[in-house]
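In the two complexes that follow, subunit A is the common piece, with subunit B as its partner first and subunit C second.
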Partner chain A sequence: MTDVAPVGERRQLAPPVDDSGALGWIRRNLFSSWANGITTVVLIVAVGWILSWFLEWAVFTANFTAASGSECRAQGACWAIVGEKWRYIFFGSFPYEQHWRPLFAVIAMLAMLILSSDRRMWNWRLIVIWGVGSFITFLLMFGEIHLPLSLFLFVALAVGAVGLILRRNIGAAGEMNAYRALAAIGLAGLVLRIAGILPAWSLAIAPLSYVETNLWGGLPVTLILATYGLVFAFPYGILLALGRRSELPLIKGLCVGFIELIRGVPLISLLIMASVMLPLFLPSGVTFDKFLRAQVAVILFAGAYIAEIIRGGLQSLPKGQFEAADAMGLNYVQKTALIVLPQALRVVIPPLINTFIGFFKDTSLVLIIGIFDFLNTANQALVDPNWAGFPGEIYLFAAFIYFIFCYSMSRYSKRLEIELNRGTRR
Partner chain B sequence: MFNKLTAAGIAAATLIGAAGAAHAGKELDAIKARGALICGVGTGTAGFNLADSQGKWRGLNVDVCRAVAAAIFGDAEKVKYVPLTAQQRFTALQSGEVDLLSNNTTWTLTRDTALGFDFTGVTYYDGQGFMVNKKLGVKSAKELNGATVCVAPGTTTELNLADYFRANKMQFKPVVIEKADEIRAAFFAGRCDVYTTDASALAAVRVANVPAPQKAEDYIVLPEIISKEPLGPVVRHGDNQFGDIVTWSLFAMLEAEEYGIDSKNVDQMLKSDNPTIKRILGVTPGMGKALGLDEKWVYNIIKQVGNYGESFDRNIGKDSILKIDRGVNKLWTKGGLQYAPPIR
Partner chain C sequence: MAVEALGSTPRVRVVPWNDPVVRGWVFQIVVVGLVGALAWYLVSNTMDNLARQKIASGFDYLGREAGFEIGDTMIEYSPASTYARAIWVGILNTLRVAVLGIILSTILGTFLGIGRLSPNWLLSKICEWYVEGFRNVPLLLWLFLFYKLISEAFPGPRQAISTLWGSVFLSNRGLYFPVPMADPIHKWMAVALLVGILGAIMQHRWAKKRQEATGQPFPSISAGIGVALGMPIAVWLAAGAPSSMSWPALKGFNFEGGTVIQPEFTALLVGLVLYTSAFVAEIVRSGILALHKGQSEAAAALGLSRGQAMRLVLLPQALRVIVPPMTSQFLNITKNSSLAIAIGYPDLVASINVTINQTGQAIENVLLIMAAYLTVSLSISAFMNWYNKRISLRER
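Up next, the complex of A and B:
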């Protein structure tokens, strides 16, 4: 006998092991062999053990309501310390009854960041969003803003000059005349102002009480340092990157030297230079705001890193693009601003966001020069003897806030990468 | 551990050189014109300078700033606080970023001279001490031969420790750890027998940092103090008038305590017949004028900040959680070192 079935008939097989559905998925992925099965069980037990220990500490035996640190001892987590200190951790020494101001400043900055993450806004709207957003943020933080006449004149000159160069041979005659007029007004005004003929007039907007930067602290400080560090470092990094590719040896040398110098030292040393050494070289009595000095150090540092990222973008452009622009008769500025940069920047946006994530965390280094960023206010909360001895709770809380920011930025970066590469992946 | 003389500080002194002279006599005018005293404080030392849950600066050092502001402006709130790290503090004072440094700075000869500063008094006599577990049964630092000692690196604390053991012909094994939190954790976990740092910090750690199953009572601070750390406010060389005001603001707090004037009874004390109290509180005029201040300067300090004893008790003494003993910081009349020259 053979067990070959007669022709024309099919042998009935047992139904196959269900490979679909949840059970099937588990079988395929977790228990596909003896070794895998054992690994799975061991890992589940380990994770469960750690999780149960953590939950026991963080939830079941935790104290959420203690009125002081001593009531919290000998139990699980003391979340009451977060309840006591969260306002200080978020807003530092900002006047307590005015904490709504840094709160709305943070919201304004977040709105600004979220709006500018939308690609439909990547045009003139971006300037409006950042102009309005920054104005609101700093008005809330400072309480008053003085816009000097020379600032308006400088903006007029800058807009006029940039327009004249970028739209040369492109813009209509009327448009060009408008730029000329703007630049002329700006230039003439500035000369008169410096000569002392125009008065030192300034537009004062002061709806709130003035709060100086010494009192700033917590999340707004972290956000301002990271955001404006990158915003100002961006154009400056572009210039450095272009300079590095320049054919003029002096410019190229300066840019390479600067980039390598900054990238060759840690951020801490720059911050120490800005806060300890710089005041020594200034004439006595002249001091810059400590916060401003830290901000400038962050900008210089970020600029060098951004320059290197952008250089990568520039190098990825095919040579034909440059040649085509030359053939069109565009000058250097037009070629760079209209042909090269738009393409180069598109490539480097995801790595730029990566840099931003890094800087968001790096700004916590300002604690070594006595600026109270988010991590440092958390540190301060730990020093309070009434609540001493709960570093785990405070640091977990701080880590959680940092994680929310960094994780959402990283998700955004990933999505953007997919969107931007749609054209090239075909 | 506070007298870490940073290389930067010394370099700074050399660089700044003549800057002090350029200021002469203008400090007080600048402060008055500004309408606020700019006070450099530390970046967080419990009881001495620390922002509370509302973000307000509090502590013994902060009270010195408030007293000076009360003396100058009649308002203790007219102070801007600039938190400074140990590395920054001297440059900030030299460059004029702050008017006054009240930052647990130890008074030493080089700081008083080469750095171009004036120490205006001693707010707190500190010194390096030892803390041990009671179980060791040690009653004196002299019995510590062969002990393992937890200590922070690169500070005078470490040097003092080595000197002390060598001078007493004893051996020890140092456990050197950089971060204060980690030193404490190591000590309470039993990795070393002894923890050494400034006595004030030891007292604070003993009260606030002992981990749960153990209690503060399980640990004792040994009676030996092996170094002198007089902590006090610092001003730049130059404006002696401002320096005098800082000096006498602290003396006024001490004098007030000596004569029993405190923030609660200061109004009744205005009616006192005691000629000394009348002079102190400006009922008999002259003292304020001599300093270039309002005659009610001491009244304002005591009313708004309190006398030295009140400030001590409130921030680090018996009314605070730190419960540091007055010890050598008692008034001279009670056997301590705090002695103010007479206000007359």
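Up next, the complex of A and C:
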């Protein structure tokens, strides 16, 4: 009782020194104990030494303006080589005066990816975004697109059939009749086309000059291989995951065998297989574009990995969801597409983005079979005898570009994970 | 009444096309039939193509002379050896880099993961930027960078950097250092090492048992290392300490004698370890973070230092979370070692790629690659599953 001073005379205690201001922060985080202090000093010396050496090389003695490699010798970094080669690194052997085309194709793909990252777009808008975006991208890259009649017929058949199965017992009579009509037109047209009664009409859109795929290179190639690898692998990964969870033994065996086989071997072996074995698999006379072969290998590879991720999502669903869907009288396709997948996929979006980052990096392996992706064009830029001997500069530049892409995607995936879990977190 | 009626409900008769069992089998037969038809189509096309291009089939080529050089071999090999031998050299090279890579990246990754959780702000930031920097850039780019740095930044053999009184030479041909001359005693030293390791393990078990029974600790780790290393040294001394060495020396354009760590191998190993350890660090960190905070607080309350708490309390428990994702990282190292082909290290894929180009027998060779990697992958998974079972929590 005695040490409590009367009100009004209470001494103001100074705040503890430890916790305030920049000094306090330094004391808490860098010098909290002897060992900690020594660690800090050693690290500061080491980092300072490395940084000063790096800055000396990369900035102070660097040459930004040399006209050829020989002017750069015996100095620091030669960033002039990046200034000289950046267009080749980004766009490869695409005709030089047409470089605006891959540039806008890259912008279109980035816009597509950025728009898809907005959760307000996760509905029918996604289909529109990807349809329009893909059309623009490939129109710019190829210069012309041929849409054969059978493609339209096939789409009509597919939309009709999917609609009929998904909206069975749910859709209104008029809607179902529309699906029936679509399916009938598609089926009849395809039969007539195969029988040779319908001619091979195709809609040609050719505003630009044609550029074949072996001239493609650089960033668009990396983006296309990774993005469309994942887009096509996605439905097929879903099928594999559903097959692996199936109660039908033969289906399950096929899916397990395929997934484990693909996951057990390196991507390179699949790429080598695609480049040397795929031509053997096809009937003689049928040739297959090299780019398309690599794309097929990436899709096969990605499908197995995506299947395992989606299986995780399927397993996280409580059994009651399946039973409730059965009790509602939904058929297997309706139960899967309307009840199970929307909930399972929501859980696996962040790991799927991480997989995408992995594939974005792994597409660099296609240089083994001679495709000019971003890393390969960077590699080829080093071959020029006028600019020989500056691998560090080029590789650091390429690493920086890869880093920007991968780092921003991993940040997005982390943020999304928090956002998506907000509803379920207590 | 009602119970009886329920119990004796006759099986509902359904028409076959509505019976789920029948439907299931029909569906399966259709799918398997389609897959089979696709396979048959591909195989028959392949047969046609092989016959038309006059490519031989079968594994006879394995016994023929390979005729190509391999720069870095662990066993005796010359161009006169068979293809089978060349492929075996490749498999050994893959295993060498994979095993070393797994060990080193586990050690480095564990330190980085713990470093990220350090109370020292600077240390945790450096570890964080290391992880972000390495895992957001393709491995292949790191391999190219390290390989080009070694082969272009280091001087040629004539201007090699020599250290340790002229016994070690560093140049763009690799790192040369002296090794002891081959001696029959080495075999016995290896046997002694094995005996020593066995002894160390038994000693460790005994020490653990005694500590559990009496509470008295025993420095079993340092004693174990002493026993394991002491045995071969004792054998060596007993044999009169044969110490003639093979010294590397410049002859013509390159070094002779001693032994060498090739630049391709170094670049591959360094790249794999630095890249994978970033992923290992994240796994270790999340494993430790998954533990309840009470664990580290209880350890501190018992008076354990931070290092002791980590070693004795936190890491053993975190292992249960860490091991499954770690398994897939180990598999990744093994599969990623196939990138060796891009920088010219003669691993399995590189050997087989040359074989494909020389014999034209793509199918057999691709099957060999897949069989080899599947064997290694399945062995690693089997071992890690066994280990996982061993350390998992035993509940009643």
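The rule is short, and it goes like this: the second predicted complex is superposed on the first by the 404 of 426 C-alpha atoms of A that agree within 3 Å, B and C clash if a C-alpha of one lies under 4 Å from a C-alpha of the other, contacts with A are read in each partner's own complex, and residues count from 1 in each chain.
Going forward, a residue touches a chain if its C-beta (ideal position, glycine included) is under 8 Å from a C-beta of that chain, and two chains touch if they have at least 3 such contacts.
Note that the structure is predicted; figures quoted are calculated from it, not measured.
Enquirer: In the superposed model built on subunit A, check whether subunit B and subunit C fit or clash.
Expert: Result for subunit B and subunit C: clash.
Enquirer: By the touch definition at the top of the document, which applies to A:Asn29: first (subunit B), second (subunit C), both, or neither?
Expert: second
Enquirer: Once chain A of both complexes is superposed, is A:Gly389 in touch with subunit B (first), subunit C (second), both, or neither?
Expert: both
Enquirer: Taking the superposition on A as described, I'd like to know which of subunit B and subunit C A:Tyr96 touches: first, second, both or neither.
Expert: First partner only, subunit B.
Enquirer: Which partner does A:Gly264 reach: the first (subunit B), the second (subunit C), both, or neither?
Expert: Touch status of A:Gly264: second partner only.
Enquirer: Check the residue A:Ile272 against both partner chains and state whether it touches subunit B (first), subunit C (second), both, or neither.
Expert: both
Enquirer: Between subunit B and subunit C, whom does A:Gln315 touch in the aligned arrangement: first, second, both, or neither?
Expert: neither
Enquirer: Taking the superposition as given, does A:Asn177 touch the first partner, subunit B, the second, subunit C, both, or neither?
Expert: In the superposition, A:Asn177 contacts neither subunit B nor subunit C.
Enquirer: Determine, for the stretches 20-28, 56-64 or 146-154 of subunit B, which one clashes with subunit C when the structures are superposed.
Expert: Residues of subunit B that run into subunit C: 146-154.
Enquirer: Which subunit A residues contact subunit B in one complex and subunit C in the other?
Expert: 272, 276-277, 279-282, 284, 367-368, 379, 389, 391
Enquirer: Help me check something: in the complex, which residues belonging to subunit C touch subunit A?
Expert: Interface residues on subunit C, with respect to subunit A: 24, 27-29, 31-32, 35, 42, 45-46, 48-50, 52, 119-123, 126, 132-133, 135-141, 144-145, 148-149, 152, 331, 335-336, 338-339, 341-342, 349, 353, 356, 362-363, 366, 369-370, 373-374, 377-378.
Enquirer: Going by the contact rule set out above, which residues of subunit B touch subunit A in the complex?
Expert: Checking each residue of subunit B against subunit A gives 8, 12, 15-16, 19, 22-23, 43-47, 50-57, 80-85, 87-88, 91-92, 94-97, 181, 204, 207-213, 320-322.
Enquirer: Which of the residues in subunit A come into contact with subunit C in the complex?
Expert: 29-30, 32, 36, 39-40, 43-44, 47, 247-251, 254, 261, 263-269, 272-273, 276-277, 279-284, 357, 361-362, 364-365, 367-368, 375, 378-379, 382, 389, 391-392, 395-396, 398-399, 402-403, 406-407, 410
Enquirer: Within the complex, which stretch of subunit A touches subunit B?
Expert: The touching residues are 69, 73-75, 84-85, 87-88, 91-96, 212, 214-215, 217, 272, 275-277, 279-282, 284-287, 290, 367-372, 376, 379-381, 383-386, 388-389, 391.
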